[in-house]
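Here's a structure for you.
Chain lettering (A, B, C, D and E) follows the sequence in which the chains are written, and residue indices restart at 1 in each chain.
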Amino acid sequence: MATPSDDHGAPPEAIFDWAFLTGHAEYWMFITLMMAGLFMVVARGNLVKKVVGLNIFQVSVFMLYISIGKITDGTAPIFPLNMDVDPDVIYSNPLPHVLMLTAIVVGIATTSLALALIVRIREAFGTIEEDELLILERAIDTEENRRYSAQSAGDA
Amino acid sequence: MTETILTLILFAMLVAVAFAIIQMRQLFAVVLLSSVFSLLTALLFVIMDAVDVAFTEAAVGAGISTVLMLGTIALTRKRSAERTRSDILPFFVVAVTGAALVYGTLDMPNFGDANAPANAYLRQDYLDRSVTEIDVPNVVTAILASYRGFDTLGETAVVFTAGIGVLLLLGGLAYRRAEDDEES
Amino acid sequence: MMFLVAAIGLLVAMALILVRLFAGPTVYDRIMAGNVFGTKTVLLIGVLGFLSGRPDFLDIAILYALINFIGTIAVLKFFRYRTIGDALPSEQDT
Amino acid sequence: MQHHLILRVVVKILVAAIILFALYVQFHGDFSPGGGFQAGVIMAAAFILYGIVFGMAKVKQVVPEWVVHRMMGLGVLIYAGCGVASMFLGYEFLNYNAFTPHHPSHGQHYGLLIVEFGVGVTVTGVMISIFYAFASRPPTLKDSDW
Amino acid sequence: MSAVIDILSWVCIIGGVFFSVVGAIGMLRFPEFWTRLHAASVAESGGMILLVLGMCLQAGWSLILVKLILIGFFLFVTGPTSSHAVANAALVSGQNPVVAKKAKKKRT
């Protein structure tokens, strides 16, 4: 697989190609991690654990981006201090690094926003479990419905 | 080859930590494990040549996020409740999503391929131009602040907005306004 | 070669500590394991720099050596006083 | 944490070292890994450590809340002001060549320094104020939840 | 000269790895919190110093050496401090060490 165009035209039996397997195992590992995070968001009721799951999901996305920029036998995209750039040295792709660097700091800022919301939810409802929150919400809804229907009945 | 093996071992540890986080019910242990998770993440970033990203992850993950999560737990509760619903349906959803994503990777270029579309054109362009135009050794900083200056301005504004949001939610500003009203 | 040996040894140590981190019967076992894991990570980052032939990225290791302390102290304070900021006046200096 | 003598002494040494390291990361970011985002987080971590060990009252004497709140906006203003300045000099928004037109790469160096400084100030302010917001709230944990 | 330095750093690194792994095994296998703390803090500090020393020998006279010394200094200060803090917190919270008599009683 010398060029990307070969890759696209590869017949299905190339899946058992050794180079293909080792070249894609990294992506599958990131997907495993991503699914662990997704499972935590979907299946765990505690809101703090949901936020941690979101963080895991986020980290796996970062890794997917960084792994796209990695080049075999490459090195970090920082030139020597005297700017004497050797054309033979392979530098990895710096662009994904830039995107993910800002994303990490934005990620912690938004995570703290989510945590602040959780604190407020706890103060308003007294719980941070999803199941209990749903029950409380439903009770509030039925109460409002009852009051509204009683009011409209009174009007009529 | 060494890099691949190191990546695999670290990744196995990372997945083990993730599954342990899923199992834990003590929220405090979840926080501790998530700080270990970020340590391992930074190591993987170093291996994948993303030194700047590893730096950021190290600064954020080890100190601040641990402290903030502990602060949240101190204001809410320490243990998560027993889950009554079964995990089968979420597991099915996650498995299907994962299978779809794996199917999507089959068309991707190999890991570390220098001729991949993402690396073939833009990478060389940035590396060549930044030597003459910006003239700083760290290409990541050059791209961050100069070539993608608009993007970074936006990200800074997002961080600022998130900070304002936290202050509004947790009353840093509201308390002060109340005090000012009492004084006047 | 010698750094490869060091890296493998550190990885083995990290795996063993990870087991203690998962199992740890008491809270303090876990805190201790997390702290030791951080130290091992610092060393492994240094060794990886030498292994890849560009050891000028030791800044990350310095950063971890400085910052990893914060997490441990925060966890301990949380367990002692149940808060991150100021404890309630009644609980001060218990 | 009044009686932890060892902890207090070590933290006094470490806080100075962390702040110094943050300044190194901030202004050496062009040459080695680092920059405004990382430096801001590290700087905030120093004050968080101080606040955890010495109490919120002490750290609010060092960095009062109004300073932190001003810092949040000031960084974005520095960043955007750099862009506006380059516009007034007749170039595009955020084109740092404007500062030294006869030697463009020097202008780029000044631009990088100013912009990274702005980012660092904002991130420091936001992180410290988030910490203040979480830590100043009275703990409401009931014994049944503990 | 370089051969001597190589041999010295080999010795340091092997020693450091030995202490690290032994400390980790101790953390895993010891029966109770205080013995585990002992294994963790002492062996960890020893292994850390030897490993950093081995890397210093390989680095030569450069900025890297200064950074390695800084790392060694900070780890040397923070490691024992956090061990002390953990031990203090555990003792205050009522984690008493198992003394010999009790241990014998438990075993029989």
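As a working rule, a residue touches a chain if its C-beta (ideal position, glycine included) is under 8 Å from a C-beta of that chain, and two chains touch if they have at least 3 such contacts.
Because the structure is predicted, anything quoted here is derived from the model rather than measured.
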Common touching chains of chain C and chain A: B, D
Number of hops, chain B to chain E, where each hop joins two touching chains: 2
Number of hops, chain B to chain C, where each hop joins two touching chains: 1
Leading chain pair when contacts are tallied as C-beta pairs: A-B
Chain centre separation in whole Å, for chain D relative to chain A (CA means): 26
Chain C and chain E: spacing of chain centres that average the CA atoms, whole Å: 12
Distance between the centres, which are taken as Cα means, of chain E and chain D, whole angstrom: 33
Where chain E touches two or more other chains, by residue: 74, 78, 81, 85
Junction residues of chain A, two or more chains touched: 75-76, 78, 81, 101-102, 104-105, 108-109, 112, 115-116, 119, 122
Contacts with two or more other chains, residues of chain D listed in rising order: 7, 14, 17, 25, 31-35, 37, 41-42, 45, 48-49, 52, 123, 126-127, 130, 133-137, 139-141, 146
Those chain pairs that satisfy the touch definition: A-B, A-C, A-D, B-C, B-D, C-D, C-E, D-E
Contact set on chain B toward chain D in their complex: 51-52, 54-56, 59-60, 63-64, 67-68, 71-72, 74-79, 132-138, 140-142, 144-146, 149-150, 152-153, 156-157, 159-160, 162-164, 166-167, 169-173, 176
Chain B partner contacts - residues on chain C that touch it in the complex: 4, 7, 11, 14-15, 18, 21-22, 27, 30-31, 34, 37-38, 41, 44-45, 48-49, 51, 57, 59-60, 63-64, 67-68, 70-71, 74-75, 78-79, 82-85
Complex interface listing, chain D residues touching chain E: 4, 6-7, 10, 13-14, 17
Chain A partner contacts - residues on chain B that touch it in the complex: 4, 7-8, 11, 14-15, 18-19, 21-22, 27, 30-31, 34, 37-38, 41, 44-45, 48-53, 56-57, 60, 64-65, 68-69, 71-73, 75-77, 80-81, 83-85, 87, 90-91, 93-95, 97-98, 101-102, 105-120, 122-123, 126-127, 131, 135, 137-140, 143-144, 148, 151-152, 155, 158-159, 162-163, 165-166, 169-170
Touch list for chain D against partner chain B, complex: 25, 29-35, 37-38, 41-42, 44-45, 48-49, 52, 65, 69, 72-73, 75-76, 79-80, 83, 93-94, 96, 104-105, 108-109, 111-112, 115-116, 118-119, 122-123, 125-127, 129-137, 139-141, 145-146
